[in-house]
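Chain naming follows the written order as A, B, C and D, and within any one chain the residues start at number 1.
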Amino acid sequence: MNETLAAIAETLRGILSARCDAKALREADGGAWSGDLWSALEEAGVPGSTIAEDAGGLGLGLEEAVFMARVAASHAAPVPLAETLLAQWLWHSAQGAQPAPEAPLGQRLTMHIADGLAPVAAGAAISAELARVPWARHADVLLLVIPNGDRCQLVRIGLAATGVRLTPAANLADEPRDRVHLTGVETGPRDVRSLARPAEDVLAMMALMRAAQMVGAMEAAVAISVGYANERVQFGRPLGKFQAIQSHLAGMAEELAAATVALEQAAASIGEPARRPLAWVAKALASESAGHIAAASHQVHGAIGFTREYRLQPLTRRLWSWREECGNEAFWYDKLGGLAMHNGADALWPWLTDISPSSGAISKSATNSGAT
Amino acid sequence: MLPTFEPALLPEDVRALRAHVRAFLAAEIAAGHWSPRANSWTIFDEGFSQRCGAQGYIGMTWPKAYGGRELSSLHRFVVVEEMLAHGAPVGAHWIADRQSGGQILNFGSEDMRRSILPRICTGTCYFGIGMSEPDVGSDLASVKTRGERSNRGWRINGTKVWTSGAHRAHYLIALVRTEPRGESRHAGLTQFLIDLSRPGLKISPIENLAKERDFCEVVLEDYEALDEEVLGGPGQGWKLVTHELAQERSGPERFLSDFNLLVELIRRLDGAAHARKDVGRMVARLVALREMSISVAGMLARGVSPELQAALVKDHGMQFERDLPEEARLLLPLEPGAGTADPYEQQLARTLLFAPSFSLRGGTREVLRGIITRHMGLR
Amino acid sequence: MNETLAAIAETLRGILSARCDAKALREADGGAWSGDLWSALEEAGVPGSTIAEDAGGLGLGLEEAVFMARVAASHAAPVPLAETLLAQWLWHSAQGAQPAPEAPLGQRLTMHIADGLAPVAAGAAISAELARVPWARHADVLLLVIPNGDRCQLVRIGLAATGVRLTPAANLADEPRDRVHLTGVETGPRDVRSLARPAEDVLAMMALMRAAQMVGAMEAAVAISVGYANERVQFGRPLGKFQAIQSHLAGMAEELAAATVALEQAAASIGEPARRPLAWVAKALASESAGHIAAASHQVHGAIGFTREYRLQPLTRRLWSWREECGNEAFWYDKLGGLAMHNGADALWPWLTDISPSSGAISKSATNSGAT
Amino acid sequence: MLPTFEPALLPEDVRALRAHVRAFLAAEIAAGHWSPRANSWTIFDEGFSQRCGAQGYIGMTWPKAYGGRELSSLHRFVVVEEMLAHGAPVGAHWIADRQSGGQILNFGSEDMRRSILPRICTGTCYFGIGMSEPDVGSDLASVKTRGERSNRGWRINGTKVWTSGAHRAHYLIALVRTEPRGESRHAGLTQFLIDLSRPGLKISPIENLAKERDFCEVVLEDYEALDEEVLGGPGQGWKLVTHELAQERSGPERFLSDFNLLVELIRRLDGAAHARKDVGRMVARLVALREMSISVAGMLARGVSPELQAALVKDHGMQFERDLPEEARLLLPLEPGAGTADPYEQQLARTLLFAPSFSLRGGTREVLRGIITRHMGLR
């Protein structure tokens, strides 16, 4: 871990451990906005950290964003941090119609890829119905991503604007996943930017942020399980002395290690389009492991883990939700398998060696890796 | 050495009984009393239990003198599997019908039988299980709830936990240590009938991660039990609880909890070719599990103890129940959550949240696997 | 187990335990014909037991044939008993062009479903190339099954006839699975019969026989594993005291129990066309369990199980072969899933209750169960 | 507490090295010396080993004084992974290069180093592993082979088993009990260099279930070892064998054994859509396993002990290797057998037969999982 990340981790953990206790999580489950937590994060400059430096942010990149999302999720922090960090970064990576002066995108952001929409002219009014938009009810701005060939359009929608209506919905962890109805919502020229990446890249980045959250939640679930196995005595011995429990915990550690390595290598190379499939791998492995690790954690815990007051369920309910969001493992495995078969049998090994960030700058032979 | 599952033939009159139950359930659903739900044996519905009682669907195997019908375990099996397969809310009478009534019939006093069993049969008297304690899961012999002799009988102190529906039930059967733990861990334990309407009890529901309040904590503070409320006699607790667990492990709820999810999955798949293989696998496993379960019911009907076979069906069935939602979510992906009207989405969300509990009831996997290997001749 | 089956089992075990030792199996692996074993089985009337009584056999049915195949496979008996029992039974269930006098089909039989052939006129010459015909090099007669709508033609081919040529091949267990080349092989009027069942029924019966063999081999593998776990000491304790080993063995017992129940219910109802899917279930579950049980047996054994001289491998190599033959689990699951989806969601439960032999005579609602 | 896998960056000159190995292997295949095969590190091919030696592919990390190239573990990693990924028959020099040479370098006498290491580097000197015994599998501390002081040094008696290729190798390194087992099970053990050309040895190949003769039984009957053939000093055996096992567990052969099967599967699938998801899953797992393995190589290069990470990669990789043929057979069913010319069918049959051995080498799963949980802080 480099020094920047270590410093971020310390700051974040200080904020989170005090403000993500059982009471706070229960209130968030009930629909309350975790305003104190968010304010503390804002005071520390966290949500705005991926805003470009010339626009008043810290100019952190996605690798740091991934790390922050992971740490926040290990505390089950009920705030749209992952969404805000990514949306800010995308907005500031994109070209605005009128580059200066730089206007802030918003404070509490959410985003959504609108596959069904055609690119809009600046100033046009937008009507659409968007399902399962994360945290919409607590966000002030929605960043709409509209596919446009090998680019995409980013459209800033103020959620307090006329023509915006929400129907509340939630995931299994009670995180808001609202339906957003847009009826002739007007956009100004400063609200539309063009991003030099295809929408499937943005989806991969969203998936990577979810993978980061899953790794964080899995780390916490494994740590809690180890602690419980050391404390709880059964048949006169600590649980952890039983081979069956050891086997559960070792299996959890293995899957978590694989998912973590996959996450870190994808985050380290998020700027290289030829290594984009690493994000697919990261989300796929995290999604598959999430189910196994959640089940094994509950298996280790027995009945106590099934209660709402115990601290395992905020993590496992998130894992069960996040694994489906932004493409589950079947979705990303399918895409990766399609790529491998498209590249052909003899290209598999060179592709495997090239795709790894350990190989340094990528060679020509891997440039077909984006095609499917 | 290897377990055998003798085939059982359902009695001829089961056909009519099954048709009767199906008609009853179809009418219930048509009347809008409830909708089919996965894991329906945790759903408490007094009205439904009373209507089941009116149909004679509770306590079917018990003597007519106590309100029963003197039918076989196979008859009961058919009624129970129909209820579960249709996702009917059997939770209120479930424990009483499955295990507590049998304990009272076999080990209770004649007064107890006469006063309680007929009420169970009418679907108006409900039970909770009083085995587990805060630091006692699979290792039941280590229960810490203590019973001491008192003037009137016994004074009981301790805490029972994970007692399903205790806040809505009338009784529970509690496993209590009545003599200090000696050489044999299994000696000195006694089962008591606990009347939940009496003083000396503090019952607090425990919210589970699906936000339902099914489990309770029951604190006994100088609860006074009468001598005649001892089941089977002081010190007989281990034998009795073993019998009770065998009943708890043997039923079709061990693989039918989320059957309704499979039904709704097939409906939503609408013949999708990519899903054929995985759907077929689930169906094949169900075919075998159901046949094994019928064989266990047949053993009960013949008076043979199915300890091995019941443990085996439970462990194998539990694995099936846990696999099913995981298969479903890959065949028909969606983001599960609250507040959807779609039956498949509802069942999937519910089953995902309940899946961790599938392995809790009736003993952990390790306990079951220990029973299995012991019977297989592992020394 | 009824008395007939118990008597058969005793006879068979007596013959097999003496003649399927390591030396005999090794010779069979090398290509030798197990003549002594076969003669002993013939003397006991086993291979001819499914010949109709009026044709000089015992008139046993497929339920008994399934049982005999299971017992023989538990000793890894290297002879075409399953094939002979089924072929004899089919031949005697079919209608001959000239019913009497009854001529024997042959002694050592094999069979093959020739999907590519059109029904032949009696007396016609047959040319075909048949892949992976079991035991062909040691058989005297091949029963060719030619689909003919909802019936099929059974054609008796003498393997010593002019125009028959073999290319030897084998499965992973060194059981002959030869390629049979037929070039203008002549058939007489007595060589062709018509069976009132579709070819897919015959395939299901062949699959059921393989399932029986797999259950037999799995029973033996589990028993050997339990014995080894009791004997072998590691870290000062018998292997069987380790929770990880217990877990392997319990898992094996569970899968074996399910496969056995599936086999027995399919065998008990093999005469009922509406319950034919039970044979699909039996082969599918046996095939899937075979892999798990073979792997777990080897896991329990460690290195010794990987040696050729140890008695586990004749069983596990057969399991790895048989699970692919006559349709593997993917094939039969697919068929079963197709049926379940064709029947529809609300038909699933009635179908499940009707398909079980425990329900007695089958009701009307299950008669759609043959359609896919 | 949770394992960390620091990313490693391969040195810049690895790119040229990799290209060199690929060209070498392509020329080997083109010349028809061998065809790619799964599990190729059990295939003994002296000619190939000598040609590898001539290229400088063996003992790469050792000092130049002993014939090595003083390259890093990461360089060696790249050569090894290229060999395995191309299914090259590295069996003859495999053990010597991976573990025995390192033991000699670190714990052998200077004479031993000078006489043996250069021959290993030229691909002409081969080793077997002398750890296991007939009744000693994972529990190495219980070895029964005994060494007693003799006039010339030590007299060794006992039986070693599962020693790969001992009938074709020149040496083995044997773990021997040289003092009676006392309080500590791990004390009193010593590693010896055993010269297989000397008297006092009976070597019998053991046929495996794939009918290959890779493993041997080695009976030592009054075998005379010299004092200078003790590695590291008497009583140091446990420490040394632990070091050796870490080397044995850390390589990419723990997930690349059947890589060739995946290649041929993809070739035969020819883009079949039904297989995409499962192929993608295998590829994803490989991506992560390879990165973890590179991280382990990086730890070795930095002189950090990778005991936890190596155990973790081995156990996880082994699972991948065992799953691969099982996935393949369902995606592209066929009846596996001998005598086919199709590469996919060949690799599938070979891998199915070898799969049971994947978990044998380098310690059973339970041993590995014990190491993992201990490092995780399980008390």
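The working rule: contacts are C-beta pairs under 8 Å (C-beta built on N, C-alpha and C of every residue); 3 or more make two chains touch, one makes a residue touch a chain.
Quick caveat: nothing in here was measured; it's all calculated off a predicted structure.
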| item | value |
| --- | --- |
| Interface with more contacting C-beta pairs, comparing A-D to A-B | A-D |
| Separation of mean Cα positions, chain B and chain A [Å, integer] | 40 |
| Distance from the mean Cα position of chain D to that of chain B, given in whole angstrom | 52 |
| Junction residues of chain B, two or more chains touched | 366 |
| Residues of chain C touching at least two other chains | 242-244, 247, 329-330 |
| Chain contact graph, described as a line, ring, star, complete graph or other shape | other |
| Complex contact set, residues of chain A against chain C | 242-244, 247 |
| Complex interface listing, chain C residues touching chain B | 219, 222-223, 226, 229-230, 238, 240, 243, 246-247, 249-251, 253-262, 264-265, 268, 278, 280-281, 284-285, 288, 329-330, 332-342, 344-346, 348-349, 352-353, 355-360, 363 |
| For the chain A and chain B complex, residues of the former touching the latter | 132, 168-172, 174, 177, 232-235, 242, 244, 291, 294-295, 298-299, 302-303, 305-309, 313, 316-317, 320-321, 324-325, 328-331 |
| Touching residues on chain D, where the partner in the complex is chain C | 132, 135, 137-139, 142, 161-162, 206-209, 211, 215, 322, 326, 329-330, 333-339, 349, 352-353, 355-357, 359-360, 364-366 |
| Chain B residues within the chain C interface of the complex | 1-3, 5, 7-10, 12, 15, 18, 81, 85-86, 259, 262-264, 266-267, 269-272, 275-281, 283-292, 294-295, 309, 312, 315-316, 319, 366, 368-370, 372-373, 376-379 |
